[in-house]
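By letter and in written order, the chains are A, B, C and D; residue numbering begins at 1 in each of them.
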Amino acid sequence: MSDLLRMTDLNVEYPVGGGRHVHAVSDVTLAVRQGETLGLVGESGSGKSSLARALLQLPPPQRGSVLFDGNELTQMRGEALRAVRPRLQMIFQDPIASLNPRRRVAEIVAEPLVVSGVRDPTERTRRVRAVMEAVGLDPDLVWTRRPHEFSGGQCQRIAIARALVLEPKLIVCDEPVSALDVSIRAQILNLLEDMKARFGLTLLFIAHDLAVVKSVSDRVAVMYLGRLCEVADSASLFATPAHPYTAALMAAIPVPDPDIPLGDTKLKPGDPPSPLDPPSGCRFRTRCPHAEARCTTEVPPLREIAAGREVACHFPLIG
Amino acid sequence: MHWLARQVLRLAVVLFCVTLLTFLIVNILPGDVATAILGGLATPEDLAGLRADLGLDRPMLVRYFDWLGSALSGDLGRSHRSGEPVAQAIADRLPVSLQLMIMAQVIAIGIAVPAALLSVRRPGGLFDRLSASTAFGFLATPSFMLGILLIYLFSVTLDLLPATGFSPMSEGLWANLESMILPALSLGLIEWTVLMRVLRSDLLTTLKEDFILLARAKGLPPWRVLLQHALRPSSFTLITVIGLNIGGLIGGAVIVEQIFALPGVGRLLLGGIFNRDLILVQGTVSFIAAGFVLVNFLVDMLYAVLDPRVRHVRFRS
Amino acid sequence: MSGAVSGAVSGGPLLSVRDARVGFGTVRGLLRAVDGVSFDLEAGRTLGIVGESGSGKSVLVRSLIGLVGSGSGAIVGGEVRLDGQDVRGLSAKNFRQLLGRDIGIVFQDPMTSLNPVMKIGRQIGEGLRLNRGLNATAAARRAVELLVEVGIPEPERRASQYPHELSGGMRQRVAIAIAIACEPKLLIADEPTTALDVTVQRQILDLLQREQRQRGMAMILITHDLGVAAGRADDIMVMYAGRAVEMAATREIFRGPRMPYTEALLRSLPRLSDPTHTRLSAIPGRPPDLARRGTGCSFAPRCTYRSERCEAEEPVLSREGGRGFACFHPLNASAGTSA
Amino acid sequence: MSASAVRPATVAPVGRRLSWAIVLPLAWVALVAFLAVTADWLPLPDPAAQELILRRKPPSTTYLLGTDNLGRDMLSRIIYGGRTSLIVGICAPFFGFLIGGAIGMSAGYFRGKVDLLAVGFIDILLAFPTLVLALTFVAYLGQSLFNVTLALGILSIPAAARVSRANTMAWANRDFVLAARTIGASNWRILTREILPNVLPAMFAFWLVAVSVIIVAEGALSFLGLGIPAPQPSWGGMIADGREALDVAPHTALIPAAVMFLTVLSLNFLGDMVRNLVDPRRSSL
């Protein structure tokens, strides 16, 4: 499979006042293959959302390249970038905030068509109706209503319809179900899987919930404090995590089964460091049970330890 | 102290722009000053002489920097009506204006804070509705109207207090207060409404916070929850508004000093405007604007002292 | 065992709630946020209350301790007994005393549940001074001890800091220190880890559980996360649309749910043990509008087992062998026969 | 997730019901506006016509609201004064909001250097106490209806800019703006189609309040004798005139004061109501 999206040495920094900067994303190199779902896992402060925004050039990253479908996005500006955007869409965490409260549902879903120059109103109506039906919204019922008349799950369907109407190649899903109620999540996850099959999509699926990520992702990348820890196919990553952080994350997950004993995270006590002032060397070393002197001085590079398995650790748990 | 340095720099820039703008307004706007001073019957020679006297024949920017230079050393020039040094004229009248504004502010805060605290104990209750309606009424009353109503009520009808005129502190504290109470009320009775509404609204927001629930869960009685937990985090907008509203208070003071014939800075300014006393107006307006900017600068500092979150961000080395 | 929720156990439960109701007057009519919930909780046990947003789980618990009510337009009903004492009958002063001494609370977001402009030490000591009669010095000393106990390094320095100077996990530890300061008999944790990361969540839940066991407190753990409840609660009460729809010992709930909603919820969860791209069994529809509730079972419109009776008649919570469920067509009938 | 459920549902806002609290202010403002517009066709005496023998007459059947110090008909002067107040009150904030709104929205949306410039500009205008700047402006521009409107319009720029900037910033951070950018919408389209419709209601509510503030400011200028020039009637000027006869003919000051009070009060009521409709949380200030 070929790469649809390739980020190389991506760096995102932003100022936080007082002359200080957050290093939100540091030297991330990651590819998303045509037709796959790549899960991106991390806790708050891991830089996963900054990464998503940077690859959409909103705003562009400070350093690094983003190669999407043959276009180097970081070199593009204005009109040229706008021409690429329809192929690269995004779904947001808070579905209500991602819809303009003053506009009607039909207008919201048709807006991408208007912006990208579909002038014929009947053509627009046809396509909007088609995509609404695809995501399970009844066009006649929702057409003239406004977002606040819908629940979070319905709003997320509207947002998905808006992302799909231009028939994009890649959709970045930034925590698409974490703001939804437990009983609604499965509906939206199933819908994303259906849409992926139907429209031949490639997905970059960002979430903090490992179980959710596993259920949809072919491959998974784990981030910690702005750096990649591990990239592997979903099955082997969850069977035998190679990075101590991945292992800790998996052990920390509360499992909805009282007969499975709580796992041991093996983490050193203490909270995650602030992304304002990340530790030297390996950023996970302050909590890592296997940390040695080398981890303080030397940043572990992301290296391949087995076929399709990359890990950034001096002392990986396997291999 | 990176932040502090930047704030001081900003203050300097604003002060520079403010004085420059005042200078431009007074000098560029139509209406020849010399004609205004000497009247329509003056001869061209007289006019030219006066212009040279006032330095009006030199380029504007040169004049501005001249003025700024002497202003920085405390010399604001001389009024060309009375010949009095402008700085001296302001200094003479400043105590009256300051007393008026401080008294008004004390009245405003003294009414606003208890009223807001009592209002939020039962939002929508009798006291809340009563104080809200009263505030609404006063809010719709301009200070010049309130001043006249107070004179009508306390001087004309009840004959309790003097209608106009000022008694300095040297004539005794009571005589002084007697002459100041109605002017201060004219300002304070309007000002409190704004402060009360701001504080009430912030208190209501704070009272919905979880930490208030936690304080109640500790078993604290309602008044302690209100005073120890809710009041301080709710007072930051109030402080900002007090600072910003000093601008309105200064404007109100100009009017009130005029109504009650108080010899303050506002009346000095009005006299200058009516007499087309260029240098006096330039000096007074610059002085008032600079004072206002400085007060807001101090309020901003106070904010950082009172709110540990802001202090944390600003004074981190 | 399930004795804690079955009620009527000799010696009497620590907390006993009967027919709790909370209603809010809204533009669209009375919103029944909590509609007739009863349960008992014994000392030393943990009750997990599980439900989605709007299920009424937080409102229920807050109403028990008088934190919903005056001023918010809420109408609160039902009977609450703590240690056999009728809580609702107490004078305001006595109630505050009870609240301060016997009940501790931890809220969801430690950012908003700590006073931003008050030093941490003082926030911990405040309750001690009020309810345990400690003077300022003793309260300050005790506050530092409590900070040590909840695992905060450099406790003296932290005590003189403000909440924003601490990380999220540390703030929640401080909130726990405040909650346990007065040695309460009942600890209420309202979504205590929802605002935290998984690895931090784990530490906080461990801390809560340790304190609860050491002190023999009863704990109510409110959560929307079935995983959190599974690992920490002795018994579980599932709430849906303001009502308790199922109550049982934790293992029984997860092994053989009787109420179709519980089962559907469990089945809709993605699990790490399933292979990628396993189709999830989603629950269709969404929770009902509490201000416009019709007759019948609230879950009926989304339920695969529904009958005409479910739409016409409201099932009451029936108790059967120590567990309760509100359903006309209970599942796993082998554990008992349907009502 | 569950915290939102705990927040008690807000009780139905009083303003939403069609009560006397809306009807009366609306009726009063409508009456003042109607009379101001139709004044030329109404059977009114010339507001400038003096009748010194009939000065300071209390209200009677001939002179419904009495006469002033110079024997001019008070009713006529009140109505024509209302025309002045409304022209200045409506036009000045409109001008200020057009310019201030544009500045504020650009600053709040683009941030960075644009924001820095705009905030600096606002800071400098705000550094002058409003009335002092208005006085200076009018004194040197010359007293006329246009100049008074222009001066007060300029003075409403910073307030308008602040309101629109704060609102724009709040909305510009929403995900729907980011969503509009991901589909390639231009800044102009985002500002006009996504943000403006959300900022407009707050601006409208603020405009209503600004109208009453400007009416008061115009009153203050006229009161000090620096507003609309003499024979033309103005409420502030009438109050100033009436002040001289407060002991013998209090109606000459109290009637225009009452009219102005009612007008400002009504506008504040309507402004508050609109603001509550726009944003129930920001119910005051």
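We adopt the following convention: a residue touches a chain if its C-beta (ideal position, glycine included) is under 8 Å from a C-beta of that chain, and two chains touch if they have at least 3 such contacts.
Worth saying up front: this structure is predicted, and the values here are computed from it rather than measured.
J.: Would you say A-D or B-D is joined by more C-beta pairs in contact?
T.: It is B-D, judged by the count of C-beta pairs in contact.
J.: Taking each chain's centre as the mean of its CA atoms, which one is most distant from subunit A?
T.: The chain farthest from subunit A, judged by C-alpha centres, is B.
J.: Quick one: report the Å distance separating subunit B from subunit D, using the average Cα coordinate of each chain.
T.: Subunit B and subunit D have C-alpha centres separated by 21 Å.
J.: Averaged over CA atoms, how far is the centre of subunit A from the centre of subunit D? Could you give it in whole Å?
T.: 49
J.: Centroid from C-alpha atoms only, then distance subunit A to subunit B, rounded to Å. What do you get?
T.: That gives a centre separation of 53 Å.
J.: Among the residues of subunit B, pick out those that touch two or more other chains and give their numbers.
T.: If we look for residues of subunit B contacting two or more partner chains, we find 210.
J.: Note the residues in subunit D that touch 2 or more other chains, in rising order.
T.: Residue numbers touching two or more other chains: 1, 3, 11.
J.: Where does subunit C touch two or more other chains at once, residue-wise?
T.: Residues 52-53, 62, 108-109, 224 of subunit C touch two or more partner chains.
J.: Which of the residues in subunit B come into contact with subunit C in the complex?
T.: 122-123, 207, 209-211, 213-221, 228-229, 232-233, 306-309, 312
J.: Any idea which subunit B residues touch subunit D in the complex?
T.: It comes out as residues 10, 13-14, 17-18, 21-22, 25-26, 29-31, 124, 136-137, 139-145, 148-149, 151-152, 156, 194, 197-198, 200-201, 205, 208, 210, 237, 241, 244, 246-248, 250-252, 254-255, 258-259, 269-270, 273-274, 281, 285, 288-289, 292-293.
J.: Can you name the residues of subunit A that touch subunit D in the complex?
T.: 53, 56, 58, 81-83, 85-86, 88-90, 92-94, 97-103, 111-112, 115-116, 159, 162, 166, 181
J.: State the interface residues of subunit A toward subunit C in the complex, per the touch definition above.
T.: Counting only subunit A, the residues touching subunit C are 43-44, 151, 153-154, 181-187, 189-190, 193, 208, 210-212, 214-218, 234-235, 238, 248-250, 252-259, 262, 265, 267, 269-272, 274, 287.
J.: Quick check: in the complex, which residue numbers of subunit C touch subunit B?
T.: Against subunit B, subunit C makes touches at 62, 65-67, 71, 93, 96-101, 103-105, 107-109, 112-118, 126-127, 130-131, 162, 164-165, 175, 178, 182.
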